[in-house]
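Structures follow.
Both complexes shown next keep subunit A, but they swap its partner, so subunit B is in the first and subunit C is in the second.
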Partner chain A sequence: MASQLLQAAVLGVLTGGVYALMASGLTLIFGVMRIINVGQGALVILGAYLSFVLFNTWHIDPFLGLLVTMPAMFLIGVVLELVFIRPLKTDRESLSVLVTYALALGIEGVLGFVFTANYRELSVWYDTASVPLFGFRITLVYVFGFALCLAILGALFLVLYRTTFGAAIRATMLNRTAAQLIGIDVEGVSAVAFGIGMATAAAGGAVFGITTAFNPNSHYDLISRLLTVIVLGGLGSLRGAVVAALIMLVTQDVASVIIAPEWSAFVFFVILVAVLLVRPEGLYGVRVRERI
Partner chain B sequence: MRRPLLTLFAAFGLILTACGSSSSPTQAGPITIGVSLSLTGDFSSDGKALQQGYDLWAADVNARGGLLGHHVNMKYVDDASSVQQVQTNYQNLITVDRVNLVFGPFSSKLTIPASTVVDRYSYAFPEPAGGGPDVFKRGLRSIFFVQPAAVEDNLVSYTKWILSLSPRPATVAYATEDDPFTQPQVDKAKALLDAAGVTSVYYKTYSSEPIDWTPYAQAVAHSQADVVILGTQLPDALAFVKYFISHQYNPKTIIETTGPDQGADFSGKLGANTEGIMVPAGWTAAATAYGNDTFVSKFIAKFGGKASDISADAAEAYSVGQVVDQAASKANSIENAKLIDALHSGTYNTVQGPMSFDSTGKPQGGVGVYIEQWQGGEPVFAYPSSVAKKPPEYPKPAWH
Partner chain C sequence: MNAARRFAPRVALLLVAIVAILLPVLEPNPASINVAVFTMMYVGLASAWNIMGGYTGYISLGHAGFFGLGAYTLGLGVAHLGIGPGYGPFALVPLAGLLTGLFALPIGWIALRTRAATFVIVTIAVMFMLQLAAMNLIGLTGGTGGLSLPVPRWSGDFYNTPFYYAMLILASLTIAVSWWIRRSKFGLGLLAIRDDEDKAMAVGVPTRQFKLAAFVISAALVGMIGGVYAYYVTYVYPEFVIDPLTGISMVLMAFLGGLGTLTGPVLGALLVEPAQLSLAYNFGASRLYLVFYSGVFLVVILLLPRGIVPSVRDLTIGWWTRGGPGRAAGPSPGPSTPAPGNVVAP
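Right, the complex of A and B next:
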């Protein structure tokens, strides 16, 4: 039992890293732009399909393919921000939910038309290869996925906390109006933040596509999980998204061993509700006082 | 005022009567057979295999002059593996497209709602893949399950084989989708093995919707059971095996209700690791049943590949055509009511062997379902010895 629990906890940490990566884009976009991008799940699935195409057509490994898909998704993100988000001048927070939901439906429709509703998976050699660890085995794809998440999240933290542009992003996250007043190009920062969010979706999508069979409808389940992560972590907090993703996946995997797999999600939501009762702003969120 | 109203009612009456009756072909004119198939979604690989079987039969029967002289056209509509869509499809096939006959879709899950719609219009509903107990519980007279045995008996041969082994395996782990096709098979196998004293160390049902199967695979692997019995469709069949490979858990024997019978769709993802994996099967390419050699050779000629690539679904669909062909000859009619009467009596020869049907459409007196095992890169009948091409590999070889 102890070995099984340890295995579940390790697997939870490794898969939690992947969810942290996918949720980081969502929370970054909220922090900078104050919009909830409910299309993030669909964009992750789009990323998975891009990796699928590269892998099936040109036999490019999904991890290597990120050199193509991440820049491509970054550019798509910048364009989407310019076309769909920037025109929203009033009631931005509410309207953005509708706009990004429409975006998700549009992506789902196009993917369904091109790829049909069939489930796809990326069958790479390391999805059955494993390494021994503490007396049990861990599938290599989870190890590679976690390493990728560490690298990308590490780079994201470096950009945010060690560069001038990162300072501009953080300033915009803290107070959009004040940032504008001191000369920061918040529109430009927003477009780049949206692009970064898409690039992380591409990376998350590649790992998601290897570990899970997916089809164009898979984004519904995914976005509900990602929203849960950023609510628990605190909207707009990158550190919160990472911690919350790890809590969610470790809790679920351990609960599936201790109780039963079908109760794992329930146990996590009990924890979520308990945290929100004590800290409504989430683990690392900041209480905002709104003027009425 | 009253006369136009009466005329309107009469017109409605005529329209409703026309909708309620099955379409009759003109003398020796072409006929259309409608089928809702899962060409996309969860069951898409099975749906496409069924289409191959139906197409092959239609080509065969047309080459022989048609079904009682009627050239057969097949009309397929995609149900996307959806319970709602399959009902709409049969409703439209019958009332809008006015097809002459209908054949069944894939899975008990879709056949059950579809058969309710089809029965409402008094169409015969021969079907290749809906054999769960719930299919027959409703007592519909129009449905006919064209496989050698009712689904809940699919693992009976396997349990007999397990109990014949010496020394007998000590422990079994079970995991199954909560699906009307898979769960009854696994539950019956469990009841038989429990009664014989083989210890159950894990039993779990899980959602038939695509989920993360890792926790279930992990629990099965952790049980270290000698025998693993899984109630799967193709995606979870692959997921479980991949987990077992990556965690180097190699049970002495493993059987999956569906997945290993999917030919290249299964072996293409696992390669040499298919070796030793079992599946209950009523059909194999090497069987000597009625017309099987012709079916296999024509299938390869039409679709390419090799005999081991042929999905059992295709053979089951082809059998539906064979049964209807013989029933039409027996009734000397392709009227649905006469076909239903004919199918309730007599025995019909198929590539899966001979079969007849009871009053609820359940197959009777068939040859039973055997054990097929992947050996040397192809699925072969391995049990019972009366049909076995090769003896079962036991214990199964280590993963590659």
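Right, the complex of A and C next:
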């Protein structure tokens, strides 16, 4: 039991890294633009399908393929922002939820048309190979995925905290109007932030596609988890998203050992409810008087 | 002129009511009545959603969860009370509303601790939580295997008709409730919450209680409709009765017609649902209908963010103020629709 629990905890940390990556894009978009991208789940699935196509057609390794899919998804993100998000002038917060929901449905529909509803999986060699760790074996893909997430999240933090452009992003997150007043191109920052969000979705999608069988429908389950993660972490807080993802996934994996695997996803929502009762603004969130 | 303005909406309402009641006689084709059942279902759902989402501005994307609660209440009620096929199961519809309302009370209490964006997320999470519970509580709900309800022994031509009237009654009830709320002090409080919650609180609107009441009323109405749906399709599967698409459909319809108006959600449902049914029927397997659906949604929000009813009303009011003498002498009392145009945020 003890070793099972330890194994679950280690696996939770490793998969938590992947969720942290996917959720970081979501929370960054919220922080910069004050919109919730309900389409993030569908974009992760799109990323998984892109990796799948590269792998099956040209035998490009999903991790290597990120060199193609991440910039591609970045561009898609910039275009989506320009076409669908920027025109929303009034009531952005609620309208953007609906727009991104509609985008998710559109992506689901196109993917369903192209790839049918059959489940796909990226079967790479490191999906079956494993390494020994603390007396049990961990599948390599989790280790690789975790390393990738550390690298990308690290790069993201470096950009945010060590570059002028990162400062512009953080300024926009703090106060959009003030940032505009001191000459920051907030519209441009928003487009880039949306693009970064998509790029993290592409990276998350590649790992997700290797570890999990997916079909065009899979985004519902994914987005409900990602949204729960960013609410727990506090909307707009990158650090919060990372911590919350680790907490959620470790708790979930441990719960699946203690209680039952089919109830493990329920833990996500129980934690959410508990957090809302105690701290509605989330772990690292700030209590703001928002106007609706 | 004024007499015409006062009576025209009433005459129109009467005509709509007559057509709605006589529809199964005018168009007895079972396939058409099937479309009518689902359209009337969404008239009710969109109007019920509008009580929360339109009046208070709190967008819930999780109302499909309440739809499912109502469906399960009916399914389990019929099974455990041993009610046979026929008109008996319809008697459980109020119970479905009551139980859904009871469930919505704690859910709303927790969800309404948050505002705006977080509220949307919490409603989505609650919906998936209910779906997961329905899948996992196998002893109660039958899990993914679902529940089946008794099939009424009505003849094929007549089969859909009782369900049509059940949906019509529930839709009318919902519209009546929505109309009553819109005219009451309670409704005024809800609109104040939508426009500026802090100010509303400052002038003494009991915002917490009002929001929760609107949430529970809206959920209970959706639950009753879910109950009739369960009996109509005679089975209850977690993925079908708690379908995120049901939740987003009612939102789309309310938005298309006009958020926070009385007639908007009705119009939205009448336009979208028949189109959706025919697309799902023709392209169902390829899921291309989702692309169409998302396209309509995007066009509506980007080009008509206020919806059809408020936009059209502005146009007609423009004509009247330019051409008619009535307005200079003071605004005439509103016609039968309670002029919600002035409350829609520009």
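The rule we apply is simple: the second predicted complex is superposed on the first by the 287 of 292 C-alpha atoms of A that agree within 3 Å, B and C clash if a C-alpha of one lies under 4 Å from a C-alpha of the other, contacts with A are read in each partner's own complex, and residues count from 1 in each chain.
Here, a residue touches a chain if its C-beta (ideal position, glycine included) is under 8 Å from a C-beta of that chain, and two chains touch if they have at least 3 such contacts.
This is a predicted model, so every value here is computed, not measured.
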Joint occupancy of subunit A by subunit B and subunit C, clash or fit: fit
First, second, both or neither for A:Asp127, with subunit B first and subunit C second: first
Partner chain in contact with A:Ala117 - subunit B first, subunit C second, else both or neither: both
Arrangement angle, subunit B at one end, subunit C at the other, subunit A at the vertex (C-alpha, nearest 10°): 70
Superposed model, subunit A: greater residue contact from subunit B or subunit C: C
First (subunit B), second (subunit C), both or neither touched by A:Leu277: second
Which superposed partner A:Val97 touches (first subunit B, second subunit C, both, neither): second
Partner chain in contact with A:Ser256 - subunit B first, subunit C second, else both or neither: first
Subunit B and subunit C, minimum CA distance [Å, superposed model]: 7
Residues of subunit A contacting subunit B in one complex and subunit C in the other: 117, 262
For the subunit B and subunit A complex, residues of the former touching the latter: 39-42, 44, 80-81, 204, 206-207, 210, 212, 214-216, 218-219, 222, 235, 239, 242-243, 245-248, 269, 273
Residue ranges of subunit A in contact with subunit B within the complex: 4, 7-8, 11, 116-119, 123, 127-130, 136-137, 139-140, 212-213, 215, 253, 256-257, 260-262, 264
Of subunit C, residues touching subunit A in the complex: 57-59, 61, 110-111, 113-118, 120-122, 124-129, 132-133, 135-136, 194, 196-198, 244-245, 248, 251-252, 255, 286-295, 297-298, 301-302, 305, 345-346
For the subunit A and subunit C complex, residues of the former touching the latter: 30, 34-36, 38, 84, 87-88, 90-91, 93-95, 97-99, 101-106, 108-110, 112-113, 117, 216, 220-221, 223-224, 227-228, 230-231, 235, 262-263, 265-266, 268-269, 272-273, 276-277, 280, 289-292
